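Below, chain A partners chain B and then partners chain C, in two separate complexes.
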Partner chain A sequence: MNRAWRLIPLYIGVVIILLYTLFPLYILFLLAFTPAAYTTIAIHSGNYPTLYPAGFTLYNLQAAFGIPEIMTALIKSLETAFLVGGLALLIGIPAAYGLSRLKPKIASIISTTLFFANMLPSVTIAIPISATFLRLGLNETFLGLALAQELIVLPLTVFMLLGAFQSLPREIVSQARVDGAGLMTTIYTVIVPLAKAGVAAAFLLSWMMSWDEFTFAVFLSPAQPTLPILIYEYVTRGYILEAAAFSMIVTIPVVVLVIFMAKFLKGEILAGGLNG
Partner chain B sequence: MFRWKEDYTAYLLILPAIVYVAFFSFVPSIQAVYESFQTPSKQFVLSNYQLLFQGTDLRNSIYNTVVVTLLALAIQFLVAMVIATILMKEFRGKNFFQVGFMIPFGVATIVASYVFGNDNIFAISGGYANTILHYIGLPQPQWINPNNYIFNVLGLVIADSWKNTPIVAIVLLAGMTTIPPDIYAAATVDGAGAISRFLRITLPNLSNYIAIALIIRGVSEFNIFAMAQFLFPHKILTTLVFSYYGISGTTYLSYAVATILLAFIVLFSTLVLLYRSWSQKS
Partner chain C sequence: MPDNVPRLELEGVSKKFGKISVLDKIDLKVMENEFFAILGPSGSGKSTLLRTVIGIETPDEGRILINGKDVTDLPANKRNLSVVFQSYALYPNMTVYQNIAFPLKMRRLTPEAIKKRVLPTAERLGITDILQKNVTKISGGQKQRTALARALVREPAIFLLDEPLSNLDARVRFRAREELRSLQVGLRQSFVYVTHDQFEVSNIANRVAVLHNGKFEQISTFKELYEYPETKWVGDFIGNYPMNFLPASMVAGDRTEGEAGFRTEWIEVSDSGIDCEVQSGETVGDINFLYCIKDDSHFIVKHDRYVEPGSMLKCSVRRCNLYVDGKLVKKDIIGQPQR
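Up next, the complex of A and B:
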């Protein structure tokens, strides 16, 4: 009994925090699936919107999918995100393996450099990159956008993969080398399969960060937008309800991903570049 | 000799990542700094900076950036500390909480900005925030009215903290799990209360992780862009860069503001790194 009473403050904290985290998502749900009369129209005419689903409609979603731009934006977002995820593994796996083999002191200097690159403001970097891409014909392409977004994603991917590789038993790794497997063969046939959960998580994290990315997208691909930019444009043009439907489309996959990946998203990884 | 060869291959494997980062972040950064001293006729000048320092836009946006950053960090660390403390305990429903508090991390910044924005939660009158305040019986501020500076800042900072507190929480949690539980047990036996245990054991042992979270978040706060574009009627450094960038005559001014932003971030990271090495020594 005594123990149960002592948990009350804990549960109050839990409830308050969950209300704060879930309320905005609930609002998004209301906006997307309730008739406008109870949401935006109420707000814009100075009334209070209802806090419960006062009605149900698929009209907003249908209206949003009736806009031809959405398919182009969806395809562009998907192409970019998969390319970013793929590149992250292509460059990240060898780099993380290399880092795991170096002396901790040197590895830490290299990690800090990667981390520092991650800190540089996207806004500052985007303007010169945009000028360069203009010359190379890469502006507005998903390739150019993916190359720029890779920058934000790569350091985190490397730290995540490094964490996954370091948790493998060292004997297996050296065993494979003694057996005479070449280095690249060792990495791809022994280490990657053993660390597959971590590798998958690294891919999904980079995929997700690209899917959400705004700054590079608005500087490098304003005319052929990705989904986030499309939402921005629709809101600024006053199409509030379509934006709600777009937002649902952007949000559902990432929420599923976060639920799936929650146990991989560890503080040690985000801190990776500066730890030790 | 063998060791050297091992290292050599390791460097070779890391090289693409380093080249990538150098090419896409260090080179453009240097370019931005260089361009900030240029004019359309390609002369080296200080006039871009002179022009900026004469006006009030730059001063205001520096001030706003600092205010937003400090307030956002305060909220995020406070809430994250509560979340991490909760996650150190065992209780029924912990699995649900562990996933629930993380969800905003995945929600796109633009979606968060939209939901909190002018049309929805923080609408000038009668948004969802005010609806709740209305039912509780509290006064309802006009959140995004430009004349209402304090509430403008609050709106931006609350929305930003909503999305980013999970990252701070998991970094702090990682730090808390490194503190051996025996220390707490011993302190409790010695009669230390919860608050004194927090101040004398948790905080000092966390300093390294606090520094890490401070760098990650502090720098990102300086870089808030989409949210400020949506929610904040005043300019911060990033939105000032964007507003100059959009207009053809002021491209070089946008480079200059971008350089100032860069300088702030380098300064901030250096300060936190210094604090970290100092706290590790003592």
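Up next, the complex of A and C:
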């Protein structure tokens, strides 16, 4: 009983954090599914919009999907995000493995210097990249956008993977080598499966960073925008309801992806072979 | 008995980490069919030595030969070794079968060929019924057997065992040790057993190398280590109780000043001999260990009676070794060491 009481502050904390993260989503869904009469129009007539669903409509969603750009934007966003996530792992895994074999101190110095590109304002990097990409014909392509986003995504991916790889028992890696596995085989048959939670998290994070990325997208792909740019355009033009519906569309793939990857993110990662 | 063919040879292997010398000109020869133990306290350089032999660490100087072939510059996966680590280092994402099969898979054997070798190995170690289980779901003893099976499944030049029993229950450990020994005898292979626990290898190793500060203090049978430690340090390290040392001189021909080294069972309470004061006592079963002090030296005497601290005793030494500058110079001196 006593123990249960002591947990109450913890539960209060959990509730506050949940409210903090879920409330904006709730407002978004409210806005997207409530008829305009209770939301945007209510504001124009000087009333505060209701915080509960005053009605239900699919009209906003239909209107949003009626805009032809949305499908191309959605596809472009998806292509870019998956390419960014994939490239991040393709380059990040060997890089992080190499760093994980160094002394932790040196590894952390190197992985910190990787964040150099993140320290500069994206705009200052995006403009020269845009100029170069124009020459290379990479502007407006999802490949070009993905490559640029990799600049800010990769350091973080490497950082996360490094943490995951460093926490693996060294003996397992040594064991794999003694058992006859070469470097690449060791990485892909032993290390990556063992660090799958970290790898999944790194993929998810890079995917989401790309999905939500704005600055590079606006400079490198202004004519065929990704979803965040499209939403921005609609919000600035005053189409709040369509923007809300778009925003919902943006969150759905993230939710699907998180659910799909949940089984990798949890689990008995290091349970085996470590304790007697 | 070991044959006279060297399987693993180390010639002047040295390794430094920064300025600290971890291995200092190590020379070593492990013969075919030998059960060889490397014994050392923590920090003695055991793990570095093992990692150097495996190929995870490269020596700064010296050569490593396996079956007479220089492998110093070969990576771990190109040396023909098997290893069982203390943690067993099983691949947690695989079943018992997949773990045992892994070294064979890396050698590109066909699934049928792999099966042909995994099954008898598993049977030999009595783990046939858990082959399809995930290694996270088996007991400590089963994990140890799986790790052993994975080491045994191919025929390496040498088996390296890094404290393979220390994660086992004390009760299981005794049996596991015997099994390990009979496994080695049955296979007629070379085993190198690395441990900090002398009692694990005292009965099963053909030879024991004592590692201290990156150097071998002595390489001999365990009996030799116990009775004739070549240095005072070994005498101190080996045995349930450290070897006793008393300043002494030997009067045979020339007078030799040094220290008499004797085991607790080589000294007894008697009517005449060394005068000493009992400092404290410890009773184990029906034996009393008396901590005695003479001048500035301490020694331990076994006695059948408990003696109050503070009492004076006379002890006589039946046999001892003579040490000069901490090194053994004469074995088996019969009679009382003289001051």
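Of note:
One rule holds in what follows: the second predicted complex is superposed on the first by the 228 of 276 C-alpha atoms of A that agree within 3 Å, B and C clash if a C-alpha of one lies under 4 Å from a C-alpha of the other, contacts with A are read in each partner's own complex, and residues count from 1 in each chain.
One rule holds for everything that comes next: contacts are C-beta pairs under 8 Å (C-beta built on N, C-alpha and C of every residue); 3 or more make two chains touch, one makes a residue touch a chain.
From a predicted model like this one, the values you see are computed outputs, not experimental measurements.
When the two structures are aligned on the shared chain, A:11 is found in touch with chain B, with no touch to chain C.
With both structures placed on the common chain, the touch criterion links A:182 to chain C but leaves chain B unconnected. Taking chain A as the reference chain, the count of touched residues is higher for B when chain B and chain C are set side by side.
Judged by the touch definition given at the top, the superposed model places A:172 against chain C, while chain B stays out of reach.
Within the superposed three-chain model, A:86 lies out of touch with both chain B and chain C [touch as defined at top].
In the overlay built on the shared chain, the residue A:35 is in contact with neither chain B nor chain C.
In the superposed pair of complexes, A:102 makes contact with chain B only, with no contact to chain C. Residue overlap on chain A between its contacts with chain B in one complex and with chain C in the other: 268, 270-271, 274-275.
Those residues of chain B that touch chain A in the complex are listed here as 6-7, 9-14, 16-18, 20-22, 24-29, 31-32, 35, 79, 82-83, 86, 89, 91, 93, 97-112, 114-117, 119-121, 123, 125-128, 130-132, 134-135, 162, 167, 170-175, 209, 211-213, 215-216, 219, 222-223, 225-226, 229-230, 238, 241-242, 245, 251, 254-255, 258-259, 261-262, 265, 269, 276. Residue ranges of chain C in contact with chain A, taken from their complex: 51, 54-56, 75-77, 79, 81-83, 85-93, 102-103, 106-107, 134-136, 140, 143-144, 147, 150, 167-169. Those residues of chain A that touch chain B in the complex are listed here as 7, 10-11, 13-14, 17-18, 20-22, 24-25, 27-28, 31, 40, 42-44, 46-49, 51, 91-92, 94-95, 97-99, 101-103, 110, 113-114, 116-117, 119-125, 127-129, 132, 147-148, 150-151, 154-155, 158, 183, 208, 211-212, 214-215, 218-219, 228-229, 231-232, 235, 240, 243-244, 247, 250-251, 254-255, 257-259, 262, 265-268, 270-271, 274-275.
Those residues of chain A that touch chain C in the complex are listed here as 169, 171-172, 174-182, 185, 190, 193-194, 196, 268-276.
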